[in-house]
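Following this line, the structures themselves.
The following pair of complexes shares a single chain, chain A, combined with chain B in the former and chain C in the latter.
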Partner chain A sequence: MAIGVKVMERPTGDVSYIRATLKGMALTFKHMFQARVTLQYPEVRSSDDWRIATRWRGTHRMLTDEQGRSKCVACGLCPQICPANCIKLVPGEDEAGNRYPLIYEIDEFRCVFCGYCQEVCPEEAIHVGVHYENAEYSRDRFVYDLERLSAQVHPVSTLWDPTDPRGE
Partner chain B sequence: MTTESVSVTIDGLSVSVPKGTSIIEAAKHAGVLVPHYCYHPSLPSPAVCRMCLVEIEKFPKLVPACVTPIVEGQVIHVHSPAAIKAREGVLEFLLINHPLDCPVCDQAGECELQDFVFQEGQAASRYGDYPKRYNPVEDFGPDILYVANRCILCTRCVRFMDHVAEEPVLNVSERGDRAYIGIDPSATLDHEWAGNVVDLCPVGSLVSKDFLHKARAWDLDKHASICPGCTQGCNITVDTRDDVVVRLRPRANLEVNRHFICDTGRRDYRWMNRGDRVDAPVVADAAGRRTVAWPAALTHVAETVANASGSVVVLSGGRASVESIGWVLRLVDGANATAAMHVPLGEERAIGAVPNLALRRERAANLAGAEMLGMTADWATAVHAASSAAVVIVLDAELTDDEAAAVARAKSVLHFATVADPRLGASAILPITTMVEEQGVYVNRDGRAQRFLPAKPAPGMAWPAWRIAAEAWALGAEGREAPGTASAAFTALEPFAGLTHRDLGFTGRVVAGAGVSA
Partner chain C sequence: MSPEMKGFILVSVIKLLVIFTALLVGVALLTLMERKVAGWMQNRPGPNRVGPFGILQPAADGIKNFIKEETSPAGASTALFMLAPAFSFVPAMMLLAVIPLAAPLPLTFDFTLPLIGRVVHDGLLPISIADLPIGFLFVLAIGSIGVYGIALAGWSSNSKYSLLGGLRGAAQMISYEVAMGLSLIPVLLLTGNVSFSEIITKQQAGLWFVGPLFISFFIFLVAGFAETNRLPFDLPEAESELVAGYHSEYSSMKFSMFMIAEFAHIVTISAMVATLFFGGWDIPFTTWDEQGGLAQTIATHVAFFLKMFFWIFFVMWIRWTLPRFRYDQLMSLGWKVLLPLALAYIMVTAGALWGIERGFGWTTPREQGFALLGLNVVLGYLVFFILDRGRVVRGVGSAGRPVSVAGEG
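Then we have the complex of A and B:
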């Protein structure tokens, strides 16, 4: 018994792939004559049109004073405010009686890059950095100690400025 | 004599307080905090800080609340615009020369200057970038540093040394804005009770060297406790950071220690953080010496006590709670038991002006409690008895070599230990908690039963001594049931029958039939 099949009358002009292919090719060829927007990362990292925002919050940096010592006074506000609990701080006292951090470690894996540590710091010591290239060969390298934090050279985040909410 | 009471209205709340009460105390009854620096309930009030100025209706000027007694029908406004403006002015003056040390200051977080400036100070300074007065940090004594820059000259420390400790070595030197707290050049602040000036200081001017930079105020967990140092039984707060005790501070109890503790008690916290604690029960018998689980250890204890052929001796350290002593004695009940508490003797150091407050000679917190339960302070006799005893129970007592040798001659030794003592040759070492790791009660020399709360977790498998004793006691006969909580263990003891921990509250309660004979 033959099965009755209803054959649709196709509007061949509308469903032909040839028209769509030509349309796509036209778009491709059009782009060959336009200005390039792709950045050739990592050879090219910024351009006149694009650079990483100054408000970017990346891995931390500890600022140092003229003698190269960290500006941190171990007040304990950053471990307190940190929502991810990723800052370890043990305070100590140096020969001159100044308070300074014996241990200052940030676990960058735990960090949520909220920037509260920078905002709360009364000494403008700890900052989140304008930096995003963090690859390492082992996980433990992501716990940054004081020496490493102080050795970072990337620019620091300006954070969000309430008087200039749009960053202009 | 009946005390006449007076009704006043404070910030719209009417309160009735005894006649002669100061406004600041009356306001406390109404639940209104009058900001203050120089006033302290345990010190005379000089009204120098001018911080507690309040407005009273029909009075021409603001009055200091700390020295003005209330009068019937007064309407007092603590938070009226005039009073707030006055305090704003006082705070502004205090901040002229106050350094911005908060990030490095030990007091930050528990600083009254921070609190009140935050509460009602001005948002910005009007003094610009003028240089601030600078004085170097001074070393006042064994444990106290004076940071002159932070001082607000409330003179609480001066008045404490003058009127309470009665060793007037501090004064206010210079005058005007050059004034600072001076110390007699030939003296140091080494009075036995001098450490209290650190607690009295409302700012971070007098700081403890021992606690310096150790922890921030907001890192600390605070636990109500009782000082285990002597028979006075001062109320203390145990401050821990990450389960490590970092300092002891006085806790107010007007009946016992007012607002003070002695330096000996204050310094005596390092043993609480010992790392070499026993953390699992060890039994040594015919099958050899081995670490066991609690059921096996309890069976061993119960059997050792049940099979004792001869006398039983209990040697307790001075820090054992009444629960622990009571239940260890109940465990050995019926046997011919001799029980004594080790009471180290020291020098009695009174505070001066506070009656019935001193660092006592008997340096054992629970001596009165032990005596109520049938222990004596006759240590030498008990140690002598131990050498020929069938069973000796050592309840966390520190023994000299001679004493340990005497104990080791006993037939069997059950060591309720925080730290193992190999000299004893104990047949069982049972890990127990210290007083900072358990709930319990001490009875002080005036018969006041006061409870302490746990401040840190117990190491490993350690149990409170009363629980070990009670569980072993329950194994001794059919139908016995061990108490499940420290409060139940306390209630079950005969001298305290009917009292629970909750009944004692946080300031304790005098129990009948107590008193120290030693």
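Then we have the complex of A and C:
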């Protein structure tokens, strides 16, 4: 026995084995006829009493402006704050002096989906999304480049709002 | 070879093919049933993707297991490693060979087959592969061979988890076999015979043995769970401690063999419970089923199947109700509770039978049955009152004293 482990004395004399077993069996039997709670996943993705949370933090998405360019100004805050170090950003500058990302890549394997990139972004460009189906056949497909991030269409996460802590 | 001998061999071969095919298909479907029951008891639908209601799931599992890679762990004792699944598979199959599945069928034929010649059969055809006169001695003997499969699988895998699982399996099965064998002695006392067909006849004449020998039935049921290595006694493959226990290192069809063996054991135990304590193929409250004929054979088989099916369901039901025993609890339940109880019950039954025959002069199965039923109501109440309060099962609950930790520094 390990040192300092408290061993409870069980009320053996009062414990009922047979009745407890029969009660348990009655319970499991009752469950056989209750409603099933399973969602038939690929066909049914949400039901009346269940949907994926709007605060879900999944696959990233880069928002674009009216001309279809990404909103990112390559300020460098997201790779700075990223705790998993999964964002690769190489900034560029055009003739007018506007900064834009030459390379913007997110490694979805390294990402821990904390959502800091979305919170820190001053331009509301990078977002985590309400989306979780991103299976691929090879590992390098999980490094999303700028083009792919911009092409995502799923809704973006609302993150946590301190004024509405329960998301109501 | 005489035409009668040829006829006997012919019907035996046909029975072999039919019963073993049905058993293997049934076992495959039982894997589906188990998963369905598991699902239902957890408010899930269970497997429902392969075929309508998931009915083809066993076939999919089978194909998957056939085309998977056979692995052999480094340092394994190859010969035994290959033999172990067969050791557990074959006895499990053999056990069902002696259990009567229906009323004997009156069958008369006399015809000539090409190559074989004239075949003759006349008289009652027992609907079991072999209606052995040594009935359940055979079951006990063959059933204990199953332990070799588990012990050898555990040892030959060259893996610590497997070895521990195998050791546990061996210890557990041997322990509970004692209680199981002893729990059947009262059945022998009451029938005066060990053949299954005699036991069924006796129950038809008197009462189903579940009444007159209730404690036996209870011990047999609990020991049967332990023999099949099912929850709450599935310590040999306790996945939370031992990965998968004795079959950790097995893959593909060899693993499947262990699975088939386990489910075949469930079938056998359920069939044994139905036969020994629930009248076998007897249809209650009627003597129509004893007259013999095709209709009777079919009807009695349906009756037997329903009884067996209930106990199969019961095994699964218990599995999803009770948690696993701790190892010392398992051992103390077997040795400290079931074994003394079985021994005491033998003495009580033997004494009661002697008293009933000598004292009251009741000798017909019905009189003896009712007299023992009365005794068992009293005994059952006492035993379960004591068991239920944990007075006998102290070891099972807990030794009770808090461990003093003061001096251990």
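Here, the second predicted complex is superposed on the first by the 131 of 168 C-alpha atoms of A that agree within 3 Å, B and C clash if a C-alpha of one lies under 4 Å from a C-alpha of the other, contacts with A are read in each partner's own complex, and residues count from 1 in each chain.
We take it that a contact is a pair of C-beta atoms (placed from the backbone, for glycine too) under 8 Å apart; a residue touches a chain by one contact, two chains touch by 3 or more.
Small disclaimer: the values here were computed from a predicted structure and weren't measured.
Enquirer: Just checking: does A:P122 make contact with chain B only, chain C only, both, or neither of them? Give me first, second, both or neither.
Expert: The first partner, chain B, only.
Enquirer: Between chain B (first) and chain C (second), which does A:K6 come into contact with in this model arrangement: first, second, both, or neither?
Expert: second
Enquirer: Does the superposition put A:V37 against chain B (first), chain C (second), both, or neither?
Expert: second
Enquirer: Of the two partner chains, chain B (first) and chain C (second), which one does A:G76 touch, if any: first, second, both, or neither?
Expert: A:G76 contacts chain B only, not chain C.
Enquirer: Looking at A:F29, would you say it contacts chain B, chain C, both, or neither? Reply first, second, both or neither.
Expert: It touches chain C, and chain B stays clear.
Enquirer: For A:R19, decide between first (touching chain B), second (touching chain C), both and neither.
Expert: second
Enquirer: Which touches a greater number of chain A residues, chain B or chain C?
Expert: C
Enquirer: With the two complexes superposed on chain A, say which partner A:P91 touches: chain B (first), chain C (second), both, or neither.
Expert: Touch status of A:P91: first partner only.
Enquirer: Could you please specify the touching residues of chain C with respect to chain A in the complex?
Expert: Against chain A, the touching part of chain C is residues 37, 40-45, 317-318, 320-322, 384, 387-391, 393-394, 396-398, 400-403, 405, 408-409.
Enquirer: Under the touch definition given earlier, write down the residues of chain A that touch chain C in their complex.
Expert: Per the touch definition, chain A meets chain C at residues 1, 3-10, 12-19, 21, 24-25, 27-29, 31-32, 34-38.
Enquirer: Okay, in this complex, where on chain A does chain B touch?
Expert: Going through chain A, the ones touching chain B are 73-77, 80, 91-93, 97-99, 122-123.
Enquirer: State the interface residues of chain B toward chain A in the complex, per the touch definition above.
Expert: On the chain B side, the touching residues are 100, 102-104, 108, 137, 212-214, 216, 218-219.
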